[in-house]
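Scroll down for the structure; my scribbles are underneath it.
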Amino acid sequence: MTKTPLFEQGRHLLSVAQFDRRTLARLFEVADAVDPIAKRDGVCTVLDGAMLGSLFFEPSTRTRLSFESAFLRLGGEVTTTTGFTFSSMAKGESIADTSRVVSGYSDVLVVRHPDEGSVAQFAASSTVPVINAGDGAGEHPSQALLDVYTLEKELATRGKTVDGCQIAILGDLAYGRTVHSLIRLMSVYDGVGFSLYAPPGLELPKAVGQAATRRGHALEIADTVADAVRGADAIYATRVQRERLPETHQAAVTHGDLLNRAILAGAGALDAVIMHPLPRDSRPDAFDLSTDVDDLPGLAIFRQTDNGLNIRMAIFLTVLGVSTEAVRLTTKQRPWKATLRA
Amino acid sequence: MTKTPLFEQGRHLLSVAQFDRRTLARLFEVADAVDPIAKRDGVCTVLDGAMLGSLFFEPSTRTRLSFESAFLRLGGEVTTTTGFTFSSMAKGESIADTSRVVSGYSDVLVVRHPDEGSVAQFAASSTVPVINAGDGAGEHPSQALLDVYTLEKELATRGKTVDGCQIAILGDLAYGRTVHSLIRLMSVYDGVGFSLYAPPGLELPKAVGQAATRRGHALEIADTVADAVRGADAIYATRVQRERLPETHQAAVTHGDLLNRAILAGAGALDAVIMHPLPRDSRPDAFDLSTDVDDLPGLAIFRQTDNGLNIRMAIFLTVLGVSTEAVRLTTKQRPWKATLRA
Amino acid sequence: MTKTPLFEQGRHLLSVAQFDRRTLARLFEVADAVDPIAKRDGVCTVLDGAMLGSLFFEPSTRTRLSFESAFLRLGGEVTTTTGFTFSSMAKGESIADTSRVVSGYSDVLVVRHPDEGSVAQFAASSTVPVINAGDGAGEHPSQALLDVYTLEKELATRGKTVDGCQIAILGDLAYGRTVHSLIRLMSVYDGVGFSLYAPPGLELPKAVGQAATRRGHALEIADTVADAVRGADAIYATRVQRERLPETHQAAVTHGDLLNRAILAGAGALDAVIMHPLPRDSRPDAFDLSTDVDDLPGLAIFRQTDNGLNIRMAIFLTVLGVSTEAVRLTTKQRPWKATLRA
């Protein structure tokens, strides 16, 4: 893949590499500005008449719903296609032809595909901007963006910044696409300390770690989860997919939790920000984040998924060249309330 | 399940037990008020910017379309998910996590699920109101509500009321969830007479019948369909699912109709209101309601399904706290006509 | 099927036989008038509150997206159902009952079904207009309409008309529903010359050819693709489905292209308008239209699919009785831009 240009109006969003510190800050400003709409305090019609083509060649219900809701909340309309292949692709149609045809029906496309690089291929023939919603082992930029946005906001409530923070990353560091994108996107910040814990066989690829240290970040491999989280301002836990591990290494992840209240208490980390890309495996002995942390004030996993709406709204507004002033002018009160009664 | 509170703004709708006479009357007033919108005489935008999350974990196309159309006709937007499981739930995500995440994208959720009690579980973690669209052998409250609404309206055109009426209920009374909910919801009325006919093996569960008689209603078991419908003001017929019957009882339902014109004529009941929850099995010897009654003026089965739009609009307006006055102020003429030419 | 009336407000659209020269001209005028909306230069709300029921009993993603986008671009709302059968139809529900129920939720229905004649059956019980989006070996009228619309527009840019033009039709002429509808719809024009090429075993049915010659058109069978395209103003190529051919005839279509740049150059036809209903099979030796023609200015296959939006908007406006003046009055500027940066 050739170097993709910085993310701005009229560009595809294919990779976290399209962000520098300024581009990221600008996106987060827009994400802040649309918060009243995300939180349902106002109704916005700025994308009136705009059409999102939502194309999920592999299922990812939560990501799809988050993108579609974000677009609808801005006043746009959505057409949805899910399933492994288009009926036309089964008849031998090229990605180029499919992309050219479907982009004729839409003003922006969100594309999820199981094959690395295929979303970029799709973008090459599209007549409208394409947002990568995950391409296999490749990228899932909107996830990394909402992760970093959440980290900034959560740390800010404690008077801290991402610059100079200490972050523990736990779980599957080998295959976890979100972890790689997160670490890569953190390169726009200064002086971050990473402490990593992965079960044997699921260690971080060398290249990803080197990119961080080359950027001047500190990177430390911990032997236990407790060691990793001790002193951390924030903890990013991820699901371990047992089936990915060699037989000889499975014993390490066959019982208990990756992280729970007892481990946090033991390491003096009960106050840390806790994040997770979700889904969290809540079956017994799933070796994931335990639900016994759910009442800790630092548990940010649902604020994190809620922030996905803000980030995806900001992506759409940026790519379609809509100012936050235009958003403000087209936002009004609503006569309905979605609040649950106590 | 603990006692669910009466249905009003900011509440989940999980069970017909959430209605007393006053709550029901209020819902029906709203259903009447939105009739011009249901009948396409006006276009309403009161739910502008509101988002319905339509979650059908088991297929039920007509129920889904009815809910979605009702929400769209009020000016809202819809995201749809169908299929047995969320991709995330297959990865071990709990109902609680799924519910918390998805409710963050929506202002109200409609949930259908094959397992009894699962919709209530879903509601427990949702941040927005949840409407039960059927949970297995459990409840399907909007169906019972539209049934009773139809019964009231149909009887009213004959100068009758549900209080004191005689109603025949035919077919599968053992497994038919709609029949149980209907009889239970009828407990808010006075002096109803039920005459029941079920093929052997499909009789009404004792508890359901006792609830009706304890409430003071008369309940009579008929030996034949003719006996059941004789003197009835209204007839509620349901599909018999042959595969549910023991081998020894299948002979009774292997040919002919459950109800047809000849039976009605013989029992002097050609003028009765005829209802059916649909779908109606129209295959030969399906032992269901025959199509030879389709030109009887009392056949209300399609008015019944049309009334579903009114009831579901009323449910959404109630739960989101929107007054009929707000509806009136946001309803306008439309420049298009959907009328078929003769 | 009895003779269907000319296409106008309040009518179903089931067949190309519903068009005479005047009806066709009127539809194309509307298609021209909505071009600014199709091209995203304006946002239209004329169908505010109107509901399209999109029912695809067999998959056809591009046709579905084109119809849905067309309706949404006019300001309407869409409910979508895809899949081989309705859950209710699996339970023995008749097409008549399904149609009556679903039409109660919608203002217009678009129906795709694998069985010939089934869409007309559906229409017979619907309370709102039904648009045929393809019924097996039957009709697919909107495709033929967009084909002829494209042909008129493309020829007009060369100072030519469909009257008196020479058109080559290539590929599967035996089973290609679109080819039959196209030739049938061409009967409203005068003095058209057809030159046909089909691999052995895939020749045009006699009845379709005779209808054209009876109308006064010239019809010639060519031995090679080169012969067919020589002197053609426009070329309509279609995909050959190898599996439809008898074993003995497959050799003719097992390698190379149906049409490519070399054939066009050899026949002096590099300037011709090139059309294709898509999808195009781009796998090696697919015996379809080669991608080596993609940079020819006459290649109209993507303008053709884009024109589908205009035609489908025009169909909806006609059937719902909306004037182009009403469209103009409800079209406004938009604050967003879908343009890709160079």
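Annotations for the structure displayed:
Per-chain numbering from 1; labels A, B and C assigned in written order.
Please note the rule applied: a contact is a pair of C-beta atoms (placed from the backbone, for glycine too) under 8 Å apart; a residue touches a chain by one contact, two chains touch by 3 or more.
Since we're looking at a predicted model, the values are computed, not measured.
Its C-alpha atoms superposed on chain B, chain A is turned by 120 degrees; the angle is given in steps of 5. By the residue-number overlap criterion, the interface of chain B with chain C counts as different, with under half of its numbers used by both chains.
As a whole-number value, the distance joining the C-alpha centres of chain B and chain C reads 40 Å. Under the contact definition stated at the top, the residues of chain C that touch 2 or more other chains are 80. Looking at the complex, you find that chain C touches chain A at residues 40, 42-45, 59-62, 65-66, 68-69, 72-73, 75, 78, 80, 239, 278-283, 286, 288, 291, 302, 305-306, 309, 334-341.
Within the complex formed with chain C, the residues of chain A that make contact are 5, 8-12, 46-51, 53, 77, 79-81, 86-89, 91-94, 96-98, 100-102, 104-108, 126-129, 320-322, 326, 330.
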